[in-house]
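Should a chain be cited, it is by its letter among A, B, C and D, assigned in written order, with residues numbered from 1 in that chain.
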Amino acid sequence: MSQLGTPMVDPTVERRANRMMMVILAVVCALLALRAVVGSSVGSGDAAVTEHGFGLVYVQESSKGFVSEQSTEKAADGTEVEVRRWKPAAPGQTPEISWTEWNEVTAGEWAAAQRARADAPASAPLVTVSWPRTAGVWFAALMTLAVLSFLWRDNPVYKLAESVVVGVSAGYWMIVATWDTLVPKLAGALVPAWTKAHLMPSLESAGVDWWGLVPLGLGMLLLCRLSARVSWLGIFPLAFVVGTFAGLRFVQNVESDLLAQVATMFEPLVVVKHQALAGADAAVAAPIDWAGSIGASLSAVLILVGVLSVLAYFFFSLEHKGALGRTAKVGVWYLMITFGASFGFTVMGRIALLAARFEFLFDDWLWLIDPSGKH
Amino acid sequence: MSDRPNESFLARLDRIDRRWIFLMMAIAVAGPIIWVGVTGRTFPETATPAVQGAFDAIERLPEGSKVLVSFDFDPASAGELQPMATGFIHHCQLRKHRIYAMTLWAPGSPLIGATLADVIGNDPSYRYGENFVDLGYQAGNEGVMKQVGVDFPKAFPNDSKGTPLARIPMMQGITRLSDFDILISVSAGYPGGKEWVQYGVSPTLTQGHRLPFVAGSTGVQTPQMIPYYPVQMSGILGAIKGAAEYESLVNAKASAPGETVPAKYQEAQRRMAPQLFGHSLMVGLILVGNVIFFAGRRKGAAE
Amino acid sequence: MGRNAAAVLASIVGLVMVLTAFARPLEFLGTAVVDWFNVLAAIAFVLGGANLLKMNLLKISARDAGWGYSAVTVCVFLVTIGVGLLKVGAHPDPLHPDVALSGDKEAVGGAFWWLYEYAMSPITSTLFALLAFYVASAAFRAFRAKNTAAILLLGTAFIVLLGRVYVGVLLTSWIPADNAWVSWMRLENLSGIIMGVFNNAGTRAMMIGIAIGIAATSLKILVGLDRSYLGSSD
Amino acid sequence: MTFAVTILAQDAAPAAGFMPGWFMPGKGLLAISLIIVAAAVMISILWARSGRPIRIRKIAGLDAVDEAVGRATEMGRPVLFIPGIQDVDNIQTVAGITILGKVAKTAAEYDAEIEVPTTRSLVMTTAREAVHASYLSAGRTDSYNPDRIYYVSDEQFAFVAYTGGLMQRKRPAACFYFGCFFAESLILAENGNSIGAIQVAGTAETTQLPFFVASCDYTLIGEEFFAASAYLSGEPDQLGTLLGQDLVKGLAWAAVLVAALLATVAAVTGHEGIASFVNGARAALGGG
């Protein structure tokens, strides 16, 4: 693979980079081992134990049982129908359907449960380490480091993280589209009874909605693209979508951006502010607040100048010369200030995101800090 | 870089491998996190007018006012926005307002339950259905906002657990958006605060009285929201800084001086330490970059 | 022939959509088409998914460089779809425990949740966090005072960056806050003015321009002047 | 415009008569505005068709497109084109695909390889149509390879992970970003920068423009992005639409100025008629 244009053109540099990666990996492993030897204190008071592991997730068992009962209810059209309703089983009742859920608990709760286990009844809910979730935290931490390693250079660990995230996310959005769109909006519209019985018992439907055939038909035409012979039919759904949204966006943008933004300009350029006096009677004219008035008037004028000059910058059919050129130049200045402000504001959010990732590594994985009392 | 031995220090600095900058940023952010995590100390915050405006808008309402909170964000933006959501709910709880929580972002619905449980938790004076309700997620973006404006029960026929609104005591008398006393939106993008102004708040003006509106927004979105303050919005919390300022206002009201504030109400303030060092690094980099630039230009002119 | 018919279809449906904003009997279409589009996009996943599989399987069968990564992608993709469709490990809805597929697909503890929580979410949010590094290197390289425009860009970024943290507040804390004639010069107030005045004006004007640009682009589609999305080159 | 405001501010009641109740109330001004916009664009197109010359100012970034594709050909490296990360229901994506058609035509003429990763299945399908047509019109159907236009993932950052890696490995000589972008803008542009590619970007997402401005060689700002396809085509009809956009912009410019002046007059003189007109106009335009 060519390495043109990067600091790493040279095979010796390349070799040195590979050696460096090995060293970094060794250092990381050594630090993890050290972390395990040091251990951390879990729980408080008498229940405190020293735990040499870290990045562990603890769960508590919770049994759920359900019983059903038959009843007759009046349907919307007045006829009586048999309904089977489910409710949680009362203590002592034998459930018809049951399963176990596992809820996350803190390390402190786990330590307390370990201590109390000796004299607790056999039916007390089990508190234990969840290995799938612990493995998850470790996997997440290693993937976090793998992505960060891209800053150093493209490398096999990053490529692994990349192939995992592409596969998972493509699958994820397809599943979300299936359960959140296809099932309620397509199956729920065209075969409501079947959908209600097998997929979405909470579906409320007033019968078959024939409008559901429109997207189904468009979808079938689109899938024609899979066959070379009828592939040309696939442009009709595209034309439908692009045409539809061209119409919708045309109206929306003129209404909510063009007209509404012009409307915001109905602001006076001269503003007179009065000093706010505590308890002053409204009828008594308070003295003029000169600083406030001049500031507000100046702001209004600067906003007007800005809007007009930036708009002037966008004129395409006139050369930017003479008065228009000068106005457009002021417009560019306004744009640059806008961009600088936007940039400055965004930095804050980006650093917060990075901080959140570091917090995950230090808190959930390495147990170095504990701001929320989880362990 | 040994290929140009006669190069000046500044010129070499100009061609610095950007990975050194990456390393500096990593240290500037990670260091303070550990420091704050170990010592538990945070920086003091003074509220800017937009944040004070948001605080006052909620503070000003009489006890038991109806507050609609829209959680329009997902876990990806929770780093910036969760402290705001927690702060708003905490403030409403202190003022004993009635809380109506909803979301227009599908991934936002679990966040409502978690936030309400975290803040209101075991407060005996807060009973579900009487003092707070979780209305859950409704698909349809600004369509829902328009619907909420004219017919609230049609937009939200039941709460997140499927209970019809008619059976929820605190929903009595809520027919449309303007029946609420204030609207709070914590949003990470579309649909969010901007759409609430356009489709939710602006129409209430034509109905006679303006619905007070307070927004919490990410750093990226804040510049787009600013044009609406203070006319359409009573206040705005911009990015983690806004959240930290608001947190300190609410905490000052909640606890006496010297009393320890629970860690969950200081999330944003804790995150300001990495911000401080990160911003300082950025400012330093811009300065150094320009020193290099001017030095290079003078040298160029001299030759 | 087919393309002309498609372009006519686009124009007709587009004009109907314009009318939905005005004609009460058509109002429902405005929201219905958004649903239809979502269904169509969901069906289109078949095309995208098939393409993703095809590309990666070709790489694997040809033993191209990095075919092992393609194998990882294919496996993870198929596993995600499998556990998501069958809702593996997700319990049914407590109100309908007899309907196996009635549960929340993302219920905590399920396999799909695990993939989201421990694979997709940490990787995507770390990628998002990479931006903190890139803003730093971009600022170092690009924010040089080359001309007036660049000075304004970097100067504004400078003020806003400082005005948003404690140091900036300290730097100008000597300016009296209660004197309205000078208090605007305090960094935290200055960044407020930049946002409220300059940024406000710039954003408004850009929004007006963009609205006009979108309107013109939409019109070109509605009258059939722009057909490149249909593949015709004219 | 202001004339229309007067009429509509006074009479906001639904129009009775023909099909009563069909026309939604309060939408009159919007309808008039849409007609004005449409008429301005149409008249300009007809004007252009009549053969009258239209002068258009230069946009630096667009002259760079040909040069960048040419350089990629010389270096034997691919051209990367990203039409944003939104679906075809977003007009920016459609505008991006139109520009893709023009870039692909240049690439076909130079015989440069073009690579288009997408985040949506429908965008992939649409982009293939556009690129295929370009190769067809350049007479190079033999070198058209649909496999170079493909779907990656709907997830924004999975797409970024893939594209970032792709840039480091394939080292495209030219990168074009035209469409709707969010946070990925800077990751893409900084990666492109680190491999020394010529980069041209265009978007109407105002929040992302600063990052493109900082990291790309040329950036088309907001409306310039929508004008790009007309520029690149050079056809009279297309250039006519630019003239139409300018007409509308001129009207908006005047409206902004008149609005501010009227509001000032109302505030300074305290004239009740003007004040009520200002309030009515603001409400009718949706300014709240």
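In the analysis below, contacts are C-beta pairs under 8 Å (C-beta built on N, C-alpha and C of every residue); 3 or more make two chains touch, one makes a residue touch a chain.
Since we're looking at a predicted model, the values are computed, not measured.
Counting C-beta pairs in contact, the chain pair with the largest number is A-C. Relative to chain B, the chain whose mean Cα position lies farthest away is D.
The central chain here, found by comparing per-chain C-alpha centres with the mean of all protein C-alpha atoms, is C. A separation of 31 Å divides the Cα centre of chain B from that of chain D. Separating the centre of chain B from that of chain C, both taken as means of CA atoms, is a distance of 19 Å. We define each chain's centre as the mean of its Cα atoms; on that basis chain A and chain D are separated by 27 Å. With centres defined as mean CA coordinates, chain C is found 11 Å away from chain A.
Shared interface positions of chain C, i.e. residues touching 2 or more other chains, are given as 18, 21, 37, 40-41, 44-49, 52, 95, 120-121, 123-125, 127-128, 130-133, 135, 137, 139, 141, 143, 153-154, 157-158, 161, 164, 195-196, 199-200, 203-204, 206-210, 212, 214-215, 217-219, 221, 229-231.
Across the assembly, chain D contributes residues 30, 34, 37, 88-89, 91, 94, 122, 125-126, 129, 151-155, 157-158, 161, 183, 194, 206-207, 210-211, 213-214, 221-223, 227, 242, 245, 249, 252, 286-288 that each touch 2 or more other chains.
Residue positions of chain A touching 2 or more other chains: 147-148, 150-151, 159, 161-162, 165-166, 168-170, 172-173, 202, 222, 225, 235, 238, 241-242, 244-246, 249-251, 254-256, 258, 260, 262, 264-265, 304, 307-308, 311, 314, 335, 338-343, 345-348, 350-351, 353-354, 356. Against chain C, the residues of chain B that register as touching in their complex are 18, 21-22, 24-26, 29, 43-46, 48-50, 75-76, 140, 143, 162, 222-224, 226-227, 229, 239, 241, 272, 275-276, 278-283, 285-286, 288-290, 293-294.
Listing the residues of chain B that touch chain D in their complex gives 18, 189, 197-198, 201-202, 205-206, 220-221, 223-224, 231-232. Residue ranges of chain D in contact with chain C, taken from their complex: 21-24, 27, 30-31, 34, 37-38, 41-42, 45, 87-89, 91-92, 94-95, 97-98, 100-101, 105, 120-122, 124-126, 129-130, 132-134, 136-137, 147, 150-158, 160-161, 183, 186-187, 189-190, 193, 204, 206, 210-211, 213-215, 221-223, 225-227, 229, 237-238, 241-242, 244-245, 248-249, 252. Chain B meets chain A in the complex at residues 17, 19, 22, 25-26, 29-30, 33-34, 36-38, 40, 78-80, 106, 162, 198, 218-220, 222-223, 227, 238-241, 263-264, 267, 270-271, 274-275, 278-279, 282.
Across the interface of their complex, chain B is touched by residues 31, 34, 95, 121, 124-125, 128, 132-133, 135-137, 139-141, 143-146, 154, 157-158, 161-162, 164-169, 188-189, 192, 195-196, 199-200, 203-204 of chain C.
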